[in-house]
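A quick write-up on the structure given underneath.
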Amino acid sequence: MTALDRTDPEGAIAAAAKRCSNWGRWGADDVLGTLNFLDESARLAGAACIRRGAVFSLAQSFDMNGPQKGWRRRTNPVHTMLDTGTDAERGSQGFPHGLGGADDVVFMPLQASTQWDGLGHIFDHGHAWNGRRAGDVVTSDGDLVTGIETAAARIAGRGVLLDVARVVGPDGELPDGFAITTEHLEATIAAHGVTVGRGDLVCVRTGRLARARREGWNDYAGGASPGLSFTTAEWLHDTEIAGIATDTWGFEVRPNEFDDAFQPLHQVCIPNMGLFIGEMWDFDALAADCAADGVHEFFLAAAPLPVTGAVGAPVNPLAVK
Amino acid sequence: MTALDRTDPEGAIAAAAKRCSNWGRWGADDVLGTLNFLDESARLAGAACIRRGAVFSLAQSFDMNGPQKGWRRRTNPVHTMLDTGTDAERGSQGFPHGLGGADDVVFMPLQASTQWDGLGHIFDHGHAWNGRRAGDVVTSDGDLVTGIETAAARIAGRGVLLDVARVVGPDGELPDGFAITTEHLEATIAAHGVTVGRGDLVCVRTGRLARARREGWNDYAGGASPGLSFTTAEWLHDTEIAGIATDTWGFEVRPNEFDDAFQPLHQVCIPNMGLFIGEMWDFDALAADCAADGVHEFFLAAAPLPVTGAVGAPVNPLAVK
Amino acid sequence: MTALDRTDPEGAIAAAAKRCSNWGRWGADDVLGTLNFLDESARLAGAACIRRGAVFSLAQSFDMNGPQKGWRRRTNPVHTMLDTGTDAERGSQGFPHGLGGADDVVFMPLQASTQWDGLGHIFDHGHAWNGRRAGDVVTSDGDLVTGIETAAARIAGRGVLLDVARVVGPDGELPDGFAITTEHLEATIAAHGVTVGRGDLVCVRTGRLARARREGWNDYAGGASPGLSFTTAEWLHDTEIAGIATDTWGFEVRPNEFDDAFQPLHQVCIPNMGLFIGEMWDFDALAADCAADGVHEFFLAAAPLPVTGAVGAPVNPLAVK
Amino acid sequence: MTALDRTDPEGAIAAAAKRCSNWGRWGADDVLGTLNFLDESARLAGAACIRRGAVFSLAQSFDMNGPQKGWRRRTNPVHTMLDTGTDAERGSQGFPHGLGGADDVVFMPLQASTQWDGLGHIFDHGHAWNGRRAGDVVTSDGDLVTGIETAAARIAGRGVLLDVARVVGPDGELPDGFAITTEHLEATIAAHGVTVGRGDLVCVRTGRLARARREGWNDYAGGASPGLSFTTAEWLHDTEIAGIATDTWGFEVRPNEFDDAFQPLHQVCIPNMGLFIGEMWDFDALAADCAADGVHEFFLAAAPLPVTGAVGAPVNPLAVK
């Protein structure tokens, strides 16, 4: 494990970025990053995990009761009706023969609730994934190169739940500010008796969402939280996983581990490693099932909504056991 | 097959609604309708269809280049950026150590592109699915009973592509106004050598989308189109399928088959039968693959985005073969 | 002045509604309510108040830094860019000869910031202004009868600032929960040496906004606040004013004066009296000027943005002295 | 009048920009441009035009029936309800004592309907008004310098209607592609017997909107249209008017007068001259009144909705005669 110098974020980020870079690994034109690891054989390995036919949604709700408070103009999703049953029942809609209809619309930041970060979401010193200039990739017209639609038909494969909260945490929840290290990840893997490797989609449960459910959102969005340690960058790189998601707002531990930094693990993982990161997922129902039957692997279908040019996208991930 | 009296839509709709009603079939509190057919064993049957690990997205794009023209205030999705790579590269975002970010937001009718109709989308004489009063179900606050979130963790199972366009159509496309009958469906099933039954998710390809791709959207949204005949209501009911989707705007044939009617098959299927209907799906890549390998069944994961209270929801369906 | 029985809101509201009703006063088809008082001669009286050519905007800001917290799905306005100067400067917009452009879009509840309540905003026992059934007036398609566009070309006339905060309040601010009575209004009128009458647009300053500016929004939207007493209903009716606005979220005192009620003065004034009510206006700069020169009357141009069918509308009111 | 070389837009734009530049005229920090001409005395001159108390709204509608077709992601305004009278009448809103309510929300491009262009709307070779770099002014966070809120308390003054359509046009409408020259403007001024000068707000009627009303929107937004000739730049500069508006989508004649150009007069007027330009105004009712009484001057209150950082803003302009 890398020793962390809290006073040198710039140097630490640069070193990790260099160590974990995948630029050029899949050619100059690549837009998929670590999804390249999720090939047909990896997907078949996932399919082999379907044994009972049970299914779990890993999505949080998409509504006004979410955790967003306006940071970066991220509001909660606002859902409004274009037509209602009340109007239909009253008979004023104008359709023939008793037909009535309801229709609706949503306004939402694409990272308001359960989502995948796209490869255009984060930049490092003005560069995006694979070494492109940030301004060549994401303009006001959206992500012209690595828009989330490029990942529309990829993300279905073998999912592994690492319930770090249950294995490591006191009372099944990690405290805010708890940095999950490679040792914690490995201990959880050992405790679960699973393997994690090339092309897998890793789901790390911290218990932060369960706490928010019990105590209210409070500062769930952007505040203190357990999460991945900056020092896991190498593990994330060397395992050759295809993607990783947590039940927290920010994936990595908050506050971040440097005296002055903002989401430094993102800065390493997204533009340099090309890693797909999921945030605000809900593993609680799945985790209860995994704890009950001792099986922590499953087929995971988590196709992002293909909003053209999006740098992140909402998703309703399904875990099938 | 029911003979269709074009001059008596009111009577025909009432008769079909009565014949095909599932009200009470799964209890007075049911909110799932035909998704009840999609149980764990049906899901396992779907999983058994994964043989190669190949995956296909069945979603159309979500952007301003879509077919919507404003009917029922349905616009195309409007995607705007909250932060861009151009800004990040210029260095004015204020993050430390070279971090830059992009973020985005979308405004979209929930039925703007590839979607599932929820059970609160259509009413029959002021009644919603399972006999509830429309105004008790869908108000300005959304669908309080059968909101699409109730289907969040269900729709993964065995998919079957019925490429009616390729089997029946001249040149692999059905003409606008072509009503697909039970006979056409059965002929396609026979030609493909597949079975369709309880709990399946049926994908009916008409070729309408391929034509729009070639010739422009024109009146894709709401205009003339091939689609299911009103007379298929009994087949849809008796097969006990869990859901059905087409590559058209409106699922059923347009113009509708009565002299004066609006989407009469919807009126039978959604509030009376409790059937899940998908619209504006894209089967073209999948269909080419099925034609090539002769295998028309697959695992289909098609979880709607769980916007709380939605009467329809966007989806990125994944077919895995 | 009516004595207020705090335990009988239902009776008190009914009595005030009856006493102050203007139903039928301007014919069965009327959609303007008290704006009927604002005729050409009243407008000329306003024009006569322009003496220096000084102008004051009475609008609060329209942005994410506003007071909304999600009640009734009211968010703050979300403003996003469709094109930026950063993109233009970088040269990637594709316009010829060095032209660059910026464009933008807003999503906002119509009552998110400075606004007029339309006559379709509030109902009394299922009835809207002038005795119409609420469901005949405002459906999912908006206000089909009294939409704010009907008031598009009316609201310019004589404005009068009643700086109750400065006249009555300790330290120039009324405390939260302070109910402004007819006596307070009359005392302020006398102190200012102005008149208030038929067709006037009355601006009541409570100082609540100044406090929010100093101390933060806190519960500005919906929380405790000074405001009009329920007992002013008769004064509002008998003066024949055309409209009235305050610098608070809710116009009337909060908490409301009955043990169990919600905005009872609204219930009397909007559907029964047909009164135009403005909320979340900013009188602070104007009030300072009026205090300095002792002149509390002015020309007020406060045309709502004519969103067709709106039950409320944002406005940038201009006071010209 | 400048002779126009249709083959040299680059040179012509540069020459006009240099000739008409106001950079530095009001200091390096100026954000108001030509609104500096609209001082208190100019405003008093406007007030003196109020003689009858008649008022006219110069706004078009804000709804889905507008002309936008998606260019630059500009849709028509989408207005949806958060609460309705139908729900209120049905009694399910949960308010006490018979209170019911309706609320609404809008999503709209800020230049969807009647609007003012802000000074950050157009750039010339990467520079914004007063010589600032475009990327220092308008980022994804909006216009940080000349946002429309800086003009919130200015635009009330003397309006002059130049009904060029009625004076010059055959049948009271200018044909599409008709370039209004300085000579046409002067002839209209002479025919009306008015003056135009420093600080005035000039309203130029082309009749294009009347034609759209009669024949449908067709290509109103961006298509062929009468409008100001590029050659009027000097007149716009030398008259020292505060602002100018037309009843067209694009202010200047369409197609533009160069073989290859896009809105070249904008490029001169906004970033170089600092001129406020209004588009999609509706002068028809006002024009009929002016034709009837022969008076073409009035008080014009046209305060833009102060969306913080907006590069354009909707407005409901009121003309008071």
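Read from first to last, the chains carry the letters A, B, C and D; within each, the first residue is number 1.
Convention: a residue touches a chain if its C-beta (ideal position, glycine included) is under 8 Å from a C-beta of that chain, and two chains touch if they have at least 3 such contacts.
From a predicted model like this one, the values you see are computed outputs, not experimental measurements.
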item	value
Chain D and chain A - chains in contact with each	B, C
Interface composition of copies chain A and chain B: same or different, split at half	same
Computed distance of Cα centres, chain B from chain A, in Å	27
Inter-chain centre distance, chain B versus chain D - centres from mean C-alpha coordinates, in Å	44
Two or more partner chains touched - positions in chain D	73, 78-84, 86-87, 89-90, 92, 105, 107, 135, 139-140
Contact graph of the chains (line, ring, star, complete, other)	complete
Residue numbers on chain B that touch chain A, as the complex places them	9-10, 13, 39-44, 47, 50, 52-57, 59, 61-63, 65, 72-74, 77, 79-86, 88-91, 95-111, 120-126, 128, 133-140, 142-143, 149, 152-154, 156, 260-264, 266-267, 299, 301, 303-312, 314-318, 320
Chain C to chain A touching residues, read off their complex	64, 70, 73, 75-76, 78-84, 86-87, 90, 92, 107, 135, 139-140
